[in-house]
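Chain naming follows the written order as A, B, C and D, and within any one chain the residues start at number 1.
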Amino acid sequence: MSTALAKLTTIDRRWIFLLIGLGTLIPILIPIGFPVTITPPVQSIYDKIETLGENDVVVLSYDYGPTTAAENEPMADAIIRHCFLRKVKVVALALYPLGGLTAVNGSVTRVSAEFPGLQYGVDYVNLGYKDGGQASMKLLAEDFSKAFPGDTNGTPLSTLPLMQKVTGARNAQLAVSIATGVIGEWWANLINAQYGLPVAVGCTAVSAPKYYAYLEAGQMLGLIGGLKGASEYEQLLLNGYPQTKTIYSNPMLQTASKGMDVQTIDHLIIIGFIVLGNIAYFAGRRAKQA
Amino acid sequence: MFLRLRLPLLLTLLAGLIPIIAFFFKDDATFIKKPNSWLEQDMVIVSGFALLLGVVNVVQSNVRKIERREKGWLFAAVLLFGMFFMGIFGAAGAMRLGGLPGIGNYPNGTPTPFAWGSVYMFTPLQSTMFALLAFYIASAAFRAFRVRNLEATILLVAAVFVMLGRIPVGEGAFGSVTEWMMQVPNGAAQRGIIIGAALGAASLSLRVILGIERSYLGLEKSE
Amino acid sequence: MAGYEVFGTWVAALLTLCLMSFLYKDNPFFRFAEALFAGVSLGYYIGITLDQTLRPNLFIPLAEQGVTGDTAHLRFAGLVGLNLYTRYIPKIAWFARSSLALYVGYYVGINMVQKLQGEVLPQAAATMVDLSGDGNVMSAFNSFVMLVGVITVLMYFFFSVEHKGGFGKASRIGIWFLMLGFGAAFGYTVMGRVSLLIGRFNFIVIQWIGGTLQSLGFGG
Amino acid sequence: MEHFDASRLNALVLFIVFCVLVLTFIGRARAGGDLFIRKIAGLNAIDEAVGRATELGKKVLYVPGIQSIDENQTIASLAVLSHVAKMTARYGTELDVPNKDPLTFASARETVREAYMQAGRPDLYNEGIVHYVTYDQFAYTAAVSGTMVRERPAANFLIGSFFAESLLLAETGQASGAIQIAGTAEVAQLPFFVCACDYTLIGEELYAAGAYLSREPSMLGSIKGQDWTKAAVALAILLGVIFESVHIFPAFKQWISIN
């Protein structure tokens, strides 16, 4: 018995690969839906948007690219969906050079399709991508048209009704940055610090510890950290807006809740293998002693 | 002989002292800040020139493989095809030749060949290679985390606690331990490594500036 | 979707599968993807370097302002860069080293002061903790652990004395801190890596297979 | 001196202390002072690793990290490479040094050629030993991984600055059965090397490696100088902790933390 167990220490690692592969694929196809507990930093972003209505404007900045889309995209979608549900006006834009444009175009097209009643130019605008980092950010805080002469299709901002209502980001009620890396920090220490505009950030799990410092310092009103945070936001939407259930049960949608299922299963698989490895290791030692 | 040995070392010394001196002066000290900012701009350009060194080497060795029909020469051909496809469209785009608007999209939003290759070949290949880490991190954990001795056990326990603390089912029991471990003991270890490594790096810098360490130039220790 | 997008999605998906096949074993599909990847990426950086570095920093300044005053030093940069290639001229091959010497010299200089000012000082200052914790037992305990950790890890890195006796014991504690830190950081990273894999699987399942089925009229 | 940046006085003091200590110990070492340096396991294992490759008639793979020579870790790695190349030259073992950065490639070529000359085997040197792969991190990783499984080197050195590719390379190398010696100062990658390699040079050990292997007095002296600076920093930390704990001299910590 113990010699058979001991053989497990040298198990072909491809079995581990196979299980990790299945543990990732299956929850994407068949969501499990582990329970989600809501944390205060996520709740406070939700609560903030709940106080907004159709006369308010949210600036939503897509500051990530394809490499972190699995984490960032569900956050961005959830935020813009929440705004659309409340008919809050949205100005979407991208500041991340490596794929921010793809992110903003994808998300705005995808979510606006769920709300056929909303009108482009009146209820939401997609400004597209602008390079220049902090310099562009300062310009658009003063006046969007200085950084973005036209929207993503090149339509002059002067012809879009929403852009007459809100000339610069500082006239908005909230800015949300969905970020990988440093751009989310700029929203806090530049836009919030200099213009007093409330800023909320969604970031990857890897950079979350760094962002907590801004949250504690009050430079951000809330923080969505990684897939976990995004799945909390999805849960809040499902609780507050039961009609989103049809959206979130669509198998073609990438949701954070599915991602959390994968995380959980893969973590358990890895822990399982560690336990197994140690049992086998001890069995091997005992066999040797015998 | 003197030039061969001493000139490079002299250049290292000079180039090394400029940023050090500049560091301790305010921006209005133009006598040192100016040469420093020139060097800064120039070194970026030098590194730009260097890429061609690599390209020349890659072309040489792969052409040789194809000429000699060495094992796997077809793959060498694939490599060269990929390089020339992206390289030619990229260079032409960068120089705005052949009606290309640059290396991004045309004004109507359709991609240039270079942009198409970046989006549909380069990026997916990159993200896939990156994503393979999920598999490797699992197999590494399986093999490395054994209760072999005290050190290995500490490694294992810390890893398992943190992994449990990061998922919904274990968050309640292990969440706060995870945060504590990341902030306190892990923070202390990182801090110790950073301080030590920074001093090590500074010491290496000094050895290089003084010409004691010179293996990177292929100049042997001749005192 | 436009034609180039459909074609592109297929290319991207097939290349993804080719690379992933390496997990099973080395095979011609992987070798094909590996070779293409090496070539395409090198070509990509040729375009990027020309477009983002040499054009804006060298060609345009020289073309627009000519070789005067503030841009004169760029000629020097060009020469230093070109000098890397003297290696291929046997008689003066040794001269190529001077470019490397200059380049390394400048950066070790920068690194030296940056490491001392940007890493040693702030990290040391952050370790100057208040052991009294101002009455808070937990925070006093954390401060103590932090202090012991940093000092013992530094002792582990001490090379000039043999690690035995009391010093050896302390440096052993340093190793425990290192192991605890490594284990925790390892566990913490798993999540980020799994997210990357989810991203690839989402692409294969939802964008490629799902997208194709949808365009063929299946599902909604 | 009206141009002096007073906010950097603390850095200047540290800089001067550091230089004085290092230079003093270099001087002492040259004059025949104490040269003791504690054992560094990863470096002693180099002989074993190259020796095994020689016995098995397989090659030695040396990956000098993925950063350029503007990074000190790369320069430290080239110092180790010089030592490894001398050994492979002496034993007539095949050496393979693939590169990601073109300047590192240019430097490594000089390092290896000189090492073969020094070992008295310029005949064994060829320009194929140090070669260029590509500038992309992951394409480079794919290519090196391919080499590891196809050519099965008996010893892999992964020394220098590494990022996400650290574990991809180390796991592939592990599965191919090679002895692996890694070294980096990238804090985030150390856990993976420690888990997947036989030996790992941690942070400062990497920077000290060249000096340790060369056994040259002035090099070893500089290590001693950096050690005593470290002791001074530790002492300053302890002093600061005392001041903070009894709430006196807050200016001490403040002065050190100006940035």
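Convention: a residue touches a chain if its C-beta (ideal position, glycine included) is under 8 Å from a C-beta of that chain, and two chains touch if they have at least 3 such contacts.
Model, not experiment: these values are computed from the prediction.
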Between A-B and B-C, the pair joined by more C-beta contacts: B-C
Of all other chains, the one whose Cα centre sits farthest from chain A: D
Rounded Å distance between chain B and chain C, as computed from the means of their C-alpha atoms: 5
CA centroid of chain A to CA centroid of chain B, Å: 27
Centroid spacing, where centroids are CA-atom means, of chain B and chain D in whole angstrom: 15
Residues within chain D bordering two or more other chains: 8, 11, 15, 18, 69-70, 72, 75, 103, 106-107, 110, 133-136, 138-139, 142, 175, 190, 192, 194-195, 202-205, 208, 223, 230, 233
Two or more partner chains touched - positions in chain C: 19, 22-23, 31, 33-34, 37-42, 44-45, 84, 97, 100, 103-104, 106-108, 111-113, 115-117, 120, 124, 126-127, 147, 150-151, 154, 157, 178-179, 181-183, 185-186, 189-191, 194, 196-197, 199
Residues of chain A engaged with two or more neighbouring chains: 13, 17, 20-21, 24, 66-67, 263, 266-267, 270
Touch-based graph of the chains, sorted into line, ring, star, complete or other: other
Pairs of chains in contact (touch as defined earlier), listed by label: A-B, A-C, B-C, B-D, C-D
Complex contact set, residues of chain D against chain C: 8, 10-11, 14-15, 18, 36-38, 40, 69-72, 75, 103, 106-107, 110, 133-136, 138-140, 142-143, 145-146, 149-150, 188, 190-192, 194-195, 202-205, 208, 223-224, 227-228, 230-231, 233-234, 236-238, 240-241, 243-247, 252-253, 256-257, 259
Chain B residues within the chain A interface of the complex: 119, 123, 126-127, 130, 134-135, 137-139, 141-143, 145-148, 156, 159-160, 163-164, 166-169, 171, 182
Complex interface listing, chain C residues touching chain D: 19, 22, 25-26, 30-31, 33-34, 37-42, 44-45, 84, 87, 96-97, 100, 103-104, 106-108, 111-113, 115-118, 120-122, 124-132, 147, 150-151, 154-155, 157-163, 178-179, 181-183, 185-186, 189
Residues of chain D defined as touching chain B within the complex: 3-5, 8, 11-12, 15, 18-19, 22, 26, 68-70, 72-76, 78-79, 81-82, 99, 101-103, 105-107, 109-115, 118, 128, 131-136, 138-139, 141-142, 164, 167-168, 170-172, 174-175, 185, 187, 190, 192, 194-196, 202-208, 210-211, 214, 216, 218-219, 222-223, 225-226, 229-230, 233
Touching residues (chain side chain A, partner chain C) in the complex: 14, 17, 20-21, 24-25, 28-29, 66-71, 204-206, 226-227, 251-254, 258-259, 262-263, 266-267, 270
